[in-house]
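Shared between the two complexes below is chain A, which pairs with chain B and chain C, respectively.
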Partner chain A sequence: MNLSVVKPKKRNSLSRQDTRTAWLFIAPSLIIILGVALWPILSTFFLSFFNAPSGLNQPRIFNWGRNYIDLLADPAFWQTISRTAYFTIVSVVLELLAGLGIAQLIHSRPLGWKFLRFSLIIPWAVPTIVSGAMWRWIYSGDFGALNGLLMQLGLIKHYIPFLTKPELAMNLVILADFWHVVPLVALILQAALAGIPVELDEAAEVDGANAWQRFWNIRLPMLRGAILVALIIRTVEAFRVFDIVYIITSGGPASSTITISYLTYLTTFPYGKLGAGAALSFLISIFTLTLAIIYIRFLYRPEENQ
Partner chain B sequence: MIHPRKLFGKLFMFLLVVVVLLFIYLPILWLLSASLSTQVELFSVPPHWIPQHPTAQNYLDILFPGTAASSVPRTFAVSILNSLRVASILTVLCLVIGGLAAYALVRIPFKGGRGIMVGILGVRMIPEISLIIPLFIIASQMKLINTPTVLIITYMSFALPYSIWMMAIFFQTVPRELEEAARLDGCSRLQTLYKVILPISTPGLISTALFVFLLAWDEFFFALIFTSTLASKTVPVAIAEFVGRYAVNITGMMAGGFLAALPPIILALIFQRYIVRGLTAGAVKG
Partner chain C sequence: MHSIKKSVFLMVALVTILSVVGCAPAAAPKGPVTIHVLTMDQAGLKPADIDQIARDFEAANPDIKVVMEYVGYDYVHDKITTGMASTPPAYDAAMVDVIWPDEFIKKGYLLDVSDRVTQDMKDGIFPAAWNGVTRNGKIYGMPWLMDVKYFMYNKDMLEKAGFTAPPKTWEEMLDQAKVIKEKGLAEFPVTWSWNQKEGVVCDYTALLFGNGGAFLDKDGKPVFNDAKGVEALDWMKKTIDDGLTNPNAVSSDEMAVEADFLAGKSAFAVNWLFQYADSLDPTKSQVANQVAFAPMPVFKVGADAGITGSSVDGSSSFAVMATTPNPDAVWKFLTYLASNEVQMKYSASMLPIWMEDYKGAKLDTLKAATPSNPVTVPAFMAQFPYANERPTVPYYNEASAALQMAIQEVLTGAKPAQQALDEAAAKWVELAKTQ
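== the complex of A and B ==
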């Protein structure tokens, strides 16, 4: 997955012609990306310094960073940050651990491993919104499958309205996200595991290393690259979680599942405070960008990490 | 004879496989079962795991709604066409536009190529929410709200960098000698791309096309903000709409959900090999 871009050679007429062709080929992509990504993100940053109510012809007033100051002084903002951090850390850690476990499970070729690998792609392929709608119905307090199952197993006596309990709701959103995402992590790690030379493992076995030692000392270090890629990508995605929250809880109950993206959405659209929303969304970009830089640095240093 | 400890280990591993399989399939099977149930059965306690009177009515209701039906189920059939249209046009555009860029970036030596590649990787990670406000303002001014055009254009913000990155990885694996031979034969860069690189990279192109299509089929946030009319909503928005202001249309939501999940599941199962290639190359889907 590492890319090296060819370096320009000495200047002559052929290379000048090449340069022209290259820019000609790249121009359409560059123009589009400038228009739909770079310009908007700069514009968002600019707007975040204004008091900007939504609606056409509303005056925009420069307010000297007031949006940021208000945010940082608002306890609700910090609660949202800690909620988002909770979602991100718990879901990413669980997904990586389970993904690694499933990858290793497939790797050791038990009965049914082929069918398992075949099936893994299904939850990943289900659209996020469908997965959310499905889990919302499973969690239903009146007729949900989770309640039905727990009752038939004799674990509960009455149906529990899970999604009305603030202390439960976020964890249930995490479980739904887990179902949707673990296959992706498992597939990435499984492909990486399959790329490790078998001889290494066999040599260690001859030397008397047990299964756990072989996993811990041989396979895990060789998976470092794949794990890091999965970790960064998942962290970025988990931090900006929106779809699944929207469909399962809409931020409720009692704001207990409002994440930073959801707060940004609420501030910008239903509440119509574009300036404050821009400030929030810019904060999300800063976090994402930091992780992106780590990711890019990692991808561009093939020798060390492969 | 097998050692008993080894046999126990094998059995334990098999049990783990079964547990993971149950975790994968039970929710999906429940979705299917619910979509085939009548409202009465759906609202029974304890749940009827397998409907006693299975019915296709829920599907008929959302696919062929009568004129009397409320607007929500009527949206669904239209939304499938909208999603198909947006996803397929986006896929074609990304492959053509992004393919040219990817080729230039990995195979034509020129100053600034590396910087652009890094920039593209960075753009791929910008969250949609950081772009939405200016895009929304511009789209309103240009009267593009509630059109498929605005979705196709804005989806490019994530789909185009994504497809450039993936195709660059695949193009890079084409042996340079083949390309140089074509160049010596007098092919232009465009002809080389068309006659040498593309035919060899077909599997990579299939991977890229699948990913872009699935990304577009899955996308929710832009569609939620940009489309609000019956005629313009995409499938994810239509499904979210089943959660109405006053009541949830569960039967519609289950049937719609299963229908919406079916195309990506079938594509993913058929093209599993390509998807896994793409995952390890690009390693991201929302």
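== the complex of A and C ==
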């Protein structure tokens, strides 16, 4: 028998065919995304090395990374980063916990679970601008529903001007964003839960595991992939939060809700410093990329998901 | 074979990417010229009024089509800067607030219209309105709205509290407010727009000048952090601490002030002219016919120093954007929009900028034009001469942002007034250096 004649031809060409088909499917959207996004990305990166005031025929002076140095040396920049970090950490932790809870609830198929899953879409479907305006009215210190509720429950004697308190304002914006975004996390996790074979759970129950042990040892590890997805999506989005801040507080009171994206907006548009704004955008990208890499390092286990 | 296919694929991909990148709108067809105009949807004329004016103009000028766009005041500046980044610009004309011409002229956004302005226009419109659009002897827009912040009060509340006349000084206002509060007529008798936006700087301007202070000295150096500026800011904080100013003021804009005042929750409210017309509208107001104007108070110290009045200029103009392909059509529309006939017709929402309307028989016509004019016209004539300007510098937005933050830090108790204002003044000096 001449084994060298036996070539594993079929397996090679099949996987090559799979890869080629995969590329063919991705190609159209990849081309459009690259076309629309690539030029602005490169152009912005280039711009971040210039002193570039907005306007027609304004001189653009190359300044050797001065924009980056000035930003990294500015204490206001780091204060903004720490505010953004606070927003991100609190948001993501709350959203994961609540999302997991809601996913479990739906998964356990209580009475009306279909309605629950359907109604979950509504906060997610409302445009952020609309939900921001709605929450601003809810928090209003003159006419707000939150004040009305607390008053009726007898918890407060006078209406509280929530949005004028720097300590509270950030947390209230987090709450508004949480309401808007938790459905996404819940649905991602619920879909993953539905994919866990029910026999595992039943077998564990038979072996005497209680609900918490089943959750901790079976469900959670099998949800690792979905949690990773939700974590990355939500961390990147929370770090870059802009529109809900713009609508509810416009960065106030006393700049307590100015996040890094809001600072980038202020630098670029009202202040007209395009170079510094471009540098800020890239710094944000570097921060979020770092976070994503950290997550993948710690959580991505490809062999477990097969 | 495989490598040829691969390179063909790559070529196709590259060409497609480049063509997507290079996408541009098709050239405009010949025919009627379309001009895009951007303005704010608050203060001045209501959108429905301006739409009607645009339709009337189109009827008289069938070769020009006008497309109006309305956004909140806080968004106009950004839309202009973004709009000017494309060729042709997204807007052919835009409303320019009194604080923007220096920045926009430096950026080359505004068309010099000095030789389009006729002598009639120069003679007929208030000089103050021309000052807003003229720099270095060149004119950069058509004046349109002359607005100033007014001091409005609730007559009925004052009567019930036992006062027959509105206050002349801020100190007197606080005395009246205390009584109104004690009698339970209003929990927070005074309301302001002190949120972290331009509105708080407008209010501070009126208070600062009313205390005998100023933003800059004659050399252009910031002086708002002197004793008078600090006093004015400390006074603002104290009114909140004493429970006389609505604490929500720290997150309120002018619309929130109006909502509060027209719901009958405050006795005194500083706001632009639009609040008065809205106060007469039963769908918006619960205090119709209870609202009156009084000259904006000043501080006792200011009055002693000879300051007889103080407010802030909030005028605006319409400018032709420098890169518009149709400057003639745009100018035609702008002069129509600001013309005396059109302004007289819509004088309920916005008082005219033409001097002749305030004299003789025309003044009577103006006052009789709408139910609110008999009240607003004298109020305007009395208050506008005291309209103080905010600094006319190209970096105004960033300077104002620093001042907004300083004021907010003081109002939320984060910093003492002297420190916050000193930091803002230092920022102004730094900004001036980079120009």
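Methods note: the second predicted complex is superposed on the first by the 252 of 306 C-alpha atoms of A that agree within 3 Å, B and C clash if a C-alpha of one lies under 4 Å from a C-alpha of the other, contacts with A are read in each partner's own complex, and residues count from 1 in each chain.
One rule holds for everything that comes next: a residue touches a chain if its C-beta (ideal position, glycine included) is under 8 Å from a C-beta of that chain, and two chains touch if they have at least 3 such contacts.
What you are looking at is a predicted structure, and each value in this text was computed from that prediction instead of being measured.
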Problem set entry | Comparing the two partners chain B and chain C, which touches a greater set of residues in chain A | B
Exercise. Of the two partner chains, chain B (first) and chain C (second), which one does A:F269 touch, if any: first, second, both, or neither?
Worked result: both
Exercise. Just chain B (first), just chain C (second), both, or neither: which does A:L72 touch?
Worked result: neither
For this session: Determine, under the contact definition given at the top, whether A:V36 touches first (chain B), second (chain C), both, or neither.
Result: both
Exercise. Of the partners chain B and chain C, which touch A:L97 in the superposed model: first, second, both, neither?
Worked result: neither
Exercise. Thinking of the overlay built on chain A, is A:I61 touched by chain B (first), by chain C (second), by both, or by neither?
Worked result: neither
For this session: Check the residue A:I89 against both partner chains and state whether it touches chain B (first), chain C (second), both, or neither.
Result: neither
Exercise. So, A:Q152: does it touch chain B (first), chain C (second), both, or neither?
Worked result: first
Exercise. Of the partners chain B and chain C, which touch A:G112 in the superposed model: first, second, both, neither?
Worked result: first
For this session: Look at A:L200 in the shared chain and tell me whether it touches chain B only, chain C only, both, or neither; answer first, second, both or neither.
Result: neither
Exercise. In the superposed view, which residues of chain A touch chain B and also chain C?
Worked result: 32, 36, 38-39, 56, 142-143, 269
Problem set entry | Of all residues in chain A, those that touch chain B in their complex | 1, 3, 5-9, 15, 18-19, 21-23, 25-26, 28-30, 32-33, 36-41, 43-44, 47, 56, 102, 105, 108, 110-113, 115-116, 118-130, 133-138, 142-145, 148, 151-152, 159, 179, 183-184, 187-188, 191-192, 229-230, 233, 236-237, 240, 242-243, 246-247, 261, 264-265, 268-269, 274, 277-278, 281-282, 284-285, 288-289, 291-293, 295-296, 299-300
Problem set entry | chain A contact footprint on chain B (complex, rising order) | 10, 13-14, 16-18, 20-21, 23-25, 27-28, 30-31, 34, 42-47, 49, 97-98, 100-101, 103-111, 113-114, 116-118, 120-123, 125-127, 129-135, 137, 140, 153-154, 156-157, 160-161, 164, 168-169, 172, 189, 214, 217-218, 220-221, 224-225, 235-236, 239-240, 242-243, 250, 253-254, 257-258, 260-261, 264-265, 267-269, 272, 275-276, 279-286
Seminar exercise, completed: Listed in rising order, chain C residues that touch chain A in their complex are 9, 13, 16-21, 74, 77-78, 81-82, 84-85, 103, 106-109, 187, 195-197, 246-251, 256, 259-260, 263, 265, 322-323, 395, 397-398, 401, 405, 408-409, 411-412, 414
Seminar exercise, completed: As the complex stands, chain A meets chain C at residues 27, 31-32, 34-36, 38-39, 53-58, 140-143, 158, 161, 163-166, 249-255, 266, 269-272
